[in-house]
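Let me begin by handing over the structure; questions about it come next.
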């Protein structure tokens, strides 16, 4: 139903580019989205699962988690992008008429993502992921300058190619299932699949799952297939970057998780995919240290850190112990919130200082004190410093590493995290203090602090995790690990 | 280019034939749609873009022909190697699958070696064909919904890439991907 | 009641102990000067000259640098006082020290350290070059002597299984005077006390030549009573060091009431002889050697430290514990 | 103009901090006087953090002791800050960052002291680093301070890597974070595991405590922070690190192999020596103090080492003595170091320079600060009658007892040698602090700023004097101090230690007698010498007029040391003379002495260089060519297909 909302909204956007009209329509759409989505989530969590439209749409705890992430961040980001895009228009970066296209693509994007998390079908999920790529391509290239187009081009080419492998994988899965469940759509439905998982032809399934993980992995941005990610995330308008980093990556990961949880039940054994995930995650983590230490562009910095966090998530899920998966699920939520907030605040910063070069941004505390405060919070949260929630999630992922006795891996992971922390701290200290170099010195009001809400949530979750959330996460763990 | 069109025609005809073979209507319809879309619309669109771009595209390659042939050979070996264990398939289909996967690899290789944007699009389409071929050999066609979605996605994708390449022309006035190296590190 | 009595006697004895030290110190100084004169074929000043000098200085008017602060005035008293505190732990003629608990051998060095601290500080008071020079060199000397002194005493402590000087002295009676570690320790302590007394080859007590002086440099700004006190303190320190050495070479045991008055007097005289002999010895050494450059000091004192360590090693070897 | 609002805020919040400290002290004294089993067994509190995780806290004798140290430090430095912050406020610098982080920093230190399980420990520990980092960063206008803060935070984080590793490792082994359960599981571990865990703890805490060679951050951070913060960091925070040694190594890991003790002893001696050597050639008012902190931490670590050795050679007396020395010195160093940092703070606010070469003659202009500082240097150089000495005496004694208790072996040589090293350290520290005090307070002003200096705000010189008073009290009433020390001791050793303390108290009890006698004698001497009349004249200078440039400089005063230890300090001098026609008549001479940061050059710079080189290599992956990226994709597919078969 909220998919419908999104689609309608998307179409609706095209009619007029008046500020008031867009604001109104967006707000309405957001309210509807929140209501229907929230209701669905509640249903799902209370009943364990919830289906709609004769089982064509189906949610369990995992989908609910993703759904909530999507909705929360979407509301936050879209509300922010009102002011942001208006500012862009005022600064003649964009013609006003393009605004409607902006919102059109945003909402199409939303629709595809909602489709991804609402369908119980491996095939449809592929369609949805591919859809997200297409929907965001033009958003990435929205400024239509050389760099933007370059980024968009790399983005679409790499992702489409990558994804097509996932399709191949899906076909192989279908081939292995068809003899058991018949040539019907429901053969790819993961309400059915677990029942026959143990009888799947391992040769087909193995090949399929390999293709699928690589394919979706390219979309998640596992190193070394991450190359498109920093370009796309740094060239897109900041709200879009926020959506890409905080939501889209998670959706792609969600697709992998579905395969993963299926693979755990097959004759391949629980650790087959887990190992692949962990190695991808570890590689991403290790490589990102370099990119983050020597980084000149602040938005690229954030993009690379997204890759890093995807790596952490991959490790967490790949470990497959209860604790680690719990932590990873929590981390998925927290990273989404943090990264969205950071991209939003950095977007604002870039807008005010007019540069993305870290070396040119100085003395934020003098010029934009409140932005400075939020950036400090963001820095601490993204680097997993206590008392922020990310610390807790990372600790439980790491302890998973230790419990499955990889103490050396665990040590290295902590070491990499620390190096990354050092890099972040260095860049942020450079930007926060010193002499403000920018010519114009915009003052700002305390209302800016309202932007920090997600971070405050993360902070709160670091200090105390409410019962309900814990239960929800435990359900997620059950879904992924298959009735552990 | 035209070679590719031919290939597409062939693939979709294969589908239709298959459809008649186990008289499944949707497969036929789908095959026809595919024929129209790929053999009709896309080539035209690409040609349009090409006309606007006055890029002559001979020899804008990274690898020497010989090298790329060697690579291709290696990749097709790989494809066979990968598909051999699939015992459930009878051998003809298995080899067909191998061909299909090899086709996908060729597409990737093509995209890697050529500099002109359009060729990369061709590469994508090549991969696409490969996948459909594979789908044909594996399971006589996926569920319709998925097939449709996939085809639709590809179509939209091509359209969007077309738009992009127009914009690329506006900015770089050439379709040479090699100009786009500003985003590093 | 009787413990009050005990405390009183202890106090009285302590005062007596200090009194002996106070009286004897200048005498020793005079004797040493005399014996140096003997080696230099001079007649030299009369033995009682130091007393006269002190009295003369006490009645002189005092001059104070304009840059000096209250520390400058406080120093002489503190230096003398802390030197006397050092005296409290050294067993005197009757082999008894007012302060004798375990660990008091550290108190000796530390009290001298306190004196040094104030002396060096007031060396900087004058804001002149010489004071600073004296301070800088004195600090340098200090940090070189301390390890040797401490290690030497520690070896003795190991020899006698106690860390109270009185215990050590009484314990040493049981150790043969030719016991090798004991001799090594003696040499170490002798070297140290030469440096501490500010005598050749480390320092020259008789000259005010700015290139050579260390101790005198710090005193340069002092005059009148303060100077008297500082000189007096120096003499006391010298006496204490010689006393300590003397006791180590030929310890005089605890006397008991049974010895009677004669015994006590004899002990006193005996100590006097020992210290005088040592004084003569050092006078001889001083006349035989020449002053060394400052940066030769490390080698010299390193030798002292080395022999202390050697003493330690040999001690364990002889005891067959290594 | 003075910002009224921030003034009231300052006064209110700092007052609050003081009040809290006072309340805490009273509360703990009540608790102690009530006595009871909790001293040994400990009181437990639990706070739920949701999701089946609960933070557990524990209060026992050991904790209480350090809590008292912390509260004392908090109260005093808050009192001092009350005056110190005035200047920022007059400069219209916002006080909020300072005040907020101040409270959070103190709070997290409480947390670390009370933590009873690994997770709580990690949480509070990281927070402690974080907020102290912000405090160091408070004077961020100066880039040097930013650099210092950065070095500090990164170093502590690298150390925390090891701590996190160990915590999680133990968690994985025992399935619980609680220290008790760890302690229970330790016996089942192999020696290799134990040694690894120990080493990780050692480096982790040692970095925070400032052991050589992990000390390089300390001089930066402690000198960059505002003086009250320096006082707190040097006085209390390093002690917290040492506390964790006792809590996690001594109590949780139990007796280990002998080399643990030796490691503590040797690293301690090294730290003491290196720290004081670097301090002696410093001419930066606060860096010097920071280096001396390293020295004192070294001494404390030697005490720990002696205790460890005593435990492995089960020599109870030496162990008790070592611990008495440890706790005694902990208190004394906290007092004196905060006192000295406060003195330094006053000087800095009065002259706005940290360079000794530009100071001089301050005793006349800031007499009360000077008095406090004098007490401070007597205490910190471990001279009688003040507390520093008696602590070292006990340490010497315990080392001696360890030696004579041994049947045989080379240890009987090495242990006394460590005493020799301590003696050398004592001499060096005297040189260092004579320089610190003498150059700053005595003689002539070396620069106009020093001439114009004025006495600080009353609170700022009263606080140091209060500290001095407390220090003297702790010596005057040694029994009270020993009673305080008895608290942790009763946790650390089986059996009752009260009897032992009274027996061993003798030299410590002597401390009061010594003090009184010394003062008495001084007074007598003073009275006996009738200083009838004295005249104030110019200093004798061979008849030349005396200029301030004629006095010894800070560099010159300790130059002999610099020359003697050239190898260790890696000191280089370069003298440029500008001669007239003959080389006997000199126009001008410039002297420049440099000290290499040996350890930075050996360890740290190469590591960092290597890291950056590696990352520059990694960045080459992102070359910008889409063909390359497609290549990565293809390679990944192929590799995964091959490996996945």
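The chains carry the letters A, B, C and D, assigned in the order they are written, with residues numbered from 1 in each.
Rule of thumb we're sticking to: a contact is a pair of C-beta atoms (placed from the backbone, for glycine too) under 8 Å apart; a residue touches a chain by one contact, two chains touch by 3 or more.
This is a predicted model, so every value here is computed, not measured.
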Worksheet entry | Distance-maximising chain from chain B - centres being C-alpha averages | C
Worksheet item: Quick one: most central chain, C-alpha centroids?
Response: D
Worksheet item: Ranked by contacting C-beta pairs, which pair of chains comes out on top?
Response: C-D
Worksheet item: Using the average of all C-alpha atoms in each chain as its centre, how far is it in Å between chain A and chain B?
Response: 29
Discussion item. Taking the mean of the C-alpha atoms as each chain's centre, how many Å separate chain A from chain D?
Written reply: 45
Worksheet item: Using the average of all C-alpha atoms in each chain as its centre, how far is it in Å between chain B and chain D?
Response: 69
Discussion item. Averaging over Cα atoms per chain, report the distance between chain B and chain C in Å.
Written reply: 100
Item to complete: Would you please write down the residue numbers of chain C that are in contact with two or more other chains?
Response: none
Worksheet, complete the sentence: Touching at least 2 other chains, the residues of chain D are 619, 622, 626, 630, 633, 641, 645
Item to complete: Would you give the residues of chain B that are in contact with at least 2 other chains, written as numbers and ranges?
Response: 82, 85, 108, 111, 120, 177, 180, 182-183, 185
Worksheet item: Chain adjacency by touch: line, ring, star, complete or other shape?
Response: other
Response to the item:
Full set of chain pairs in contact is A-B, A-D, B-D, C-D
Worksheet entry | chain D partner contacts - residues on chain B that touch it in the complex | 62, 75, 78, 82, 85, 105, 108-109, 111-113, 115, 120, 177-178, 180-185
Worksheet entry | Interfacial residue positions of chain A with respect to chain B in the complex | 121, 123-124, 126-127, 130-131, 133-134, 137-138, 141, 144-147, 149-154, 156-157, 160-161, 164-165, 167-168, 170-172, 174-176, 178-179, 183-185, 187-188, 201, 203-204, 207, 230-231, 234-235, 291, 294-296, 300
Worksheet item: Residues of chain D touching chain C in their complex?
Response: 360-361, 363-364, 367, 370, 374, 377-378, 381-385, 389, 392-394, 396-397, 400, 403-404, 406-410, 412-413, 416-417, 419-421, 423-424, 426-428, 430-431, 434, 437-439, 441-444, 506-507, 510, 514, 517-518, 521-523, 525-526, 529-541, 546, 548, 550-552, 556-561, 563-564
Fill in: Touching residues on chain C, where the partner in the complex is chain D
58, 61-67, 69, 71, 73-74, 76-78, 80-82, 84-85, 88, 99, 101-104, 106-107, 109-111, 113-114, 116-117, 120-121, 123-129, 131-133, 135-137, 139-140, 142-147, 149-151, 154-155, 157-158, 161, 163, 220-221, 224-226, 228-229, 294-295, 298, 305, 308-309, 312-313, 316, 320-322
Worksheet entry | Touching residues on chain A, where the partner in the complex is chain D | 153-154, 157-158, 161-162, 165, 206-207, 210-211, 213-214, 217-218, 224-225, 227-228, 230, 276, 287, 289-291, 293-294, 326, 380, 385-387, 391-392, 395, 398-399, 401-403, 405, 407, 410-411, 414-415, 418-419, 421-422, 425-426, 429, 433-434, 463-467, 469-470, 473
